[in-house]
Amino acid sequence: MDEPISPGDRPAMGRSPGISEPAPPAAPSAPVRAPSLRRWLASPLALAPLILLGLVVAVLAIASEGQYFGLSFWGPVWEFIPTDPAGSTYGIALFALGTAITAGIALILASGLSLAIAIALTTYLPPRTGRILTTLTDLLAGIPSVVYGIWGFVVLAPYFASTVEPNLRNALGWLPGFGGPESAIGGGTGLLLGIFILTLMVIPLTTAVMRESLRSVPRDVVEAGLALGATPWEVVRRVRLRVARRGLWGAVFLGFGRAIGESVALAMVLGNTIQYPPSIYGGSYTIASFIFTQLDSAFFYPELLRALVEFALVILLITIAFNLLGQRAVSGVRTRTVPGAGGRA
Amino acid sequence: MSLPSLPSAPLGDLRGSAARWRRRHLLDRAMRWGLPLALLVVLFPLFDMIYWIAVRALPTFTWATLTTDQVGLGGGLYAMIVGSFTLLALATGFAAAVGIAAGMYTAEYAPPSIARWARVAGNLLAGIPAIVLGYFGYYALVLYTHWGYTTLAGGITLGVFMVPFVYRTADLAFANVPSEQREAALAMGARPGQYLVRVALPIALPAILSGVFLAMAIGLGETAPLLYTAGWSSTPVAGLFQPTSFLTGAIWNFYDYPSTEGSFQALAFQAAFLLLILVIGLNVVVQAVAERYRRRTRGMMA
Amino acid sequence: MTGPEPGPVGPEPILSVRHLSVRAPNRTILDDVSLDFCDREVAAIIGPSGCGKTTLVRSLNRMTEVAPGVRIEGSVRYRGEEIYDPRVNPVLVRQRIGMVFQRPVPFPLSIYENVAFGLRLQGIEEAEVDRTVRRSLEQAGLWKELDGDVERSGLTLSGGQQQRLCIARALAVKPRVLLLDEPAASLDPTATQRIEELIFDLRKEYAVIIVTHNMQQAARIANRTAFLYQGRLIEYSDTHQLFENPREKLTESYVTGRFG
């Protein structure tokens, strides 16, 4: 199903979790065979990524000691009492809720925009324009999280507080979560700004994967649709999207893995409040942004550290799960944005 | 092209209704002009961000910003620049050594089943949230070793973070070396090791380098793996086992100070500006190297 | 340079090509080709590989412009109407001039939905879709062969069946002209024979233009044959004449197998 794509077509910026590359060309007819001893030494090296991954999981698992994976761990109460760290309650639910809201909504927005961009790039825009625009969207991926954060906090938050949020409240106040008293609107940091920033941060990844998925739809199939008298849009809707749908879902999974892991930027714009968010304007925390802001105080409280490590373990396992799903879905889609790097988007 | 302007007969012998055809046509037009608007939605914030960061950073950005230490509420970024590059050098050394070796072995030696697992793991490693790696580094390299916050711990943690980006490029770069090259070299009696070093490596090198630069661009912008491993210090890094400051840390530490001139917040914006320039510059290098690599392999296949 | 005179082709050609040139940035793919095609006839286009056969047929229903980077000059008239007129929407052209490609490309849909594809676009009502799908599949000889089991995925068919599915899919749109670009190139002899029989039937209702590199095939099924060489139309005439008594030296050496 994939059309041959030259290995190093275009480079891209930024990081993104993996797209599994299709297995490189199977062993050539004259495979290199090192002496067996060296081959045995080689295995751990080939497995270095696996070993590192295992090491990270193992260290966190050991550090957490599994002590707080109890009932209250999954509960909504976070009550840290410095004088009685052992008697404190370390519940993850409110942070999980913050993660679900920000990552979930950001992902829906990012997927929609990315799909639109990917279709425009693969179907409608002339190739040269498309290449320039692709470079620019890829640029978005290369911008450091903290830079998004400071821009969001210093430049956007006041604007959100003065203009965006009051207008949104007036226009959509009847929608649950968008209304509330005037006092619901604070200094501009909060879920809305967090979702906005996170959407921008996820878009380069989802766009790249969706773009390559659509691009890997064989030319013949697209032409067959056109030859039957379909408009380009009809070919997109009835043929391209259908043929590419695994890769498109893969983009969503990979994007979710990315979104729930973001910490710094959200720690700067999400309003850092442990609460059941009263509205979209309210402050919140995600698991990742919370553990990012708390570690320094954990130094003195082993119990607190363990709880935070367990939080880290939870998002680690969730990202691994989503990245596995995403990888499975996009296997066979080649990203061509980096020399040979199937995985870079 | 104009509206349906249903051509007169005989081309006009249309099946289905003209109204329907007009709808189909208009929908296609709407998509042609509407979908690219999504690009604007995305690119406008990008330019807005670059604009505002430049506006906030440039008025107070002087040569001294790059060459003086942070003093009191102001000063320059010297310590953070030195710290960032020290950390990046350590991390790049680690990531390049592990990533290139692992990539070479995955592509050239590993049996297919092992190679598959290694690739999956490489992709998963790239997806680990940066803050989770920060916790890993904190526990393993700060607490467990009793080093405390050190430049070395920060460098290694950042290196682990960068490994998969080097690894994946290296793996594919070696796998993409045309098999004729391999056969020719082996047929001439080269030993596999000689083939790897004398033939495969030079061909794959530009691609690998672009992977390394890419990893550097990514690593330079990370905060979470460093905050709880490298610590902080307002003077330039004094040794591998001393803590250090770094550019992203400057932003995180100073971003929410009130913005009066010469304040910490200005320092944060200056750091952000510098980071943007460095990261964009590195990516331009990546593109240039990749372009060269593409030309070379094209020539080779032709 | 003008090509050879288009041969006399009966009262009213359904497609007439005049001075058609297709140029890529650094070369000319088709050079000033002029010829007419008639309704209810099969015309074959032969010539060595790379001579521009595919480009020619793709230019007849404006598929050439789908791939960027080529320039098209000249005129193609469908029943007197210029299909390259800027006011003409290529989608409408392709509804009237259908095309089947060298490699069968079923959509990942059921056999039924593959054939119904073009009809659904036109918003044709269900009962008529049903009738048309069935008739198209019958015409392509698939209905009986599949025993009416049309809910399977089109991808489960054999190569020959897939190609006939693609032909049925093109027929369902009820084009007046059917372009076939080496439809049997990837098929075994039995499947090829079935396709040839099908084409033979189709000429009762359609103008069929078929590209083939198989001269025997052209001789078997075509009323007229055009010989292309290096982007130029060398000869276009009655099939028997072209094979048995070619006017041009080049044609003669090609049909006698001296090159190509």
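Every chain is named by a letter (A, B and C) in the order it is written, and numbering of its residues begins at 1.
Please note the rule applied: a contact is a pair of C-beta atoms (placed from the backbone, for glycine too) under 8 Å apart; a residue touches a chain by one contact, two chains touch by 3 or more.
These figures come from a predicted structure and were not determined experimentally.
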Farthest-lying chain, centroid of Cα atoms versus that of chain B: C
Contact-richer chain pair (by C-beta pairs counted) among A-C and B-C: A-C
Length of the line joining the C-alpha centres of chain A and chain B, rounded to whole Å: 15
Whole-Å gap separating chain B and chain C, where each centre is the average of the chain's CA atoms: 49
Multi-chain contact sites of chain B, meaning residues that touch two or more partners: 24-25
Numbers and ranges of chain A residues touching at least 2 other chains: 231, 234
Numbers and ranges of chain C residues touching at least 2 other chains: 91-92, 95, 121-122
Residue ranges of chain A in contact with chain C within the complex: 126-127, 218, 220-221, 223-231, 234, 238-239, 242-243
Residue ranges of chain B touching chain C (in the complex, touch as defined): 1-2, 4-8, 10-11, 13-17, 20-21, 24-25
Residue ranges of chain C in contact with chain A within the complex: 61, 63, 66, 68, 91-92, 94-95, 98-101, 103, 105, 107-109, 117-118, 121-122, 166, 169-170, 173
Chain B partner contacts - residues on chain C that touch it in the complex: 78-81, 83, 85-89, 91-93, 95-96, 121-124, 174
Contacting residues of chain A [partner chain B, same complex]: 6-11, 13-21, 23-30, 32-34, 39, 42-43, 45-50, 52-53, 55-56, 59-60, 63, 112-114, 116-117, 119-120, 124-125, 133, 135-137, 139-140, 142-151, 153-155, 200, 203, 207, 231-234, 236, 254, 257-258, 260-264, 268, 288, 291-292, 295-296, 308-309, 312, 315-316, 319-320, 323-324, 327, 338-344
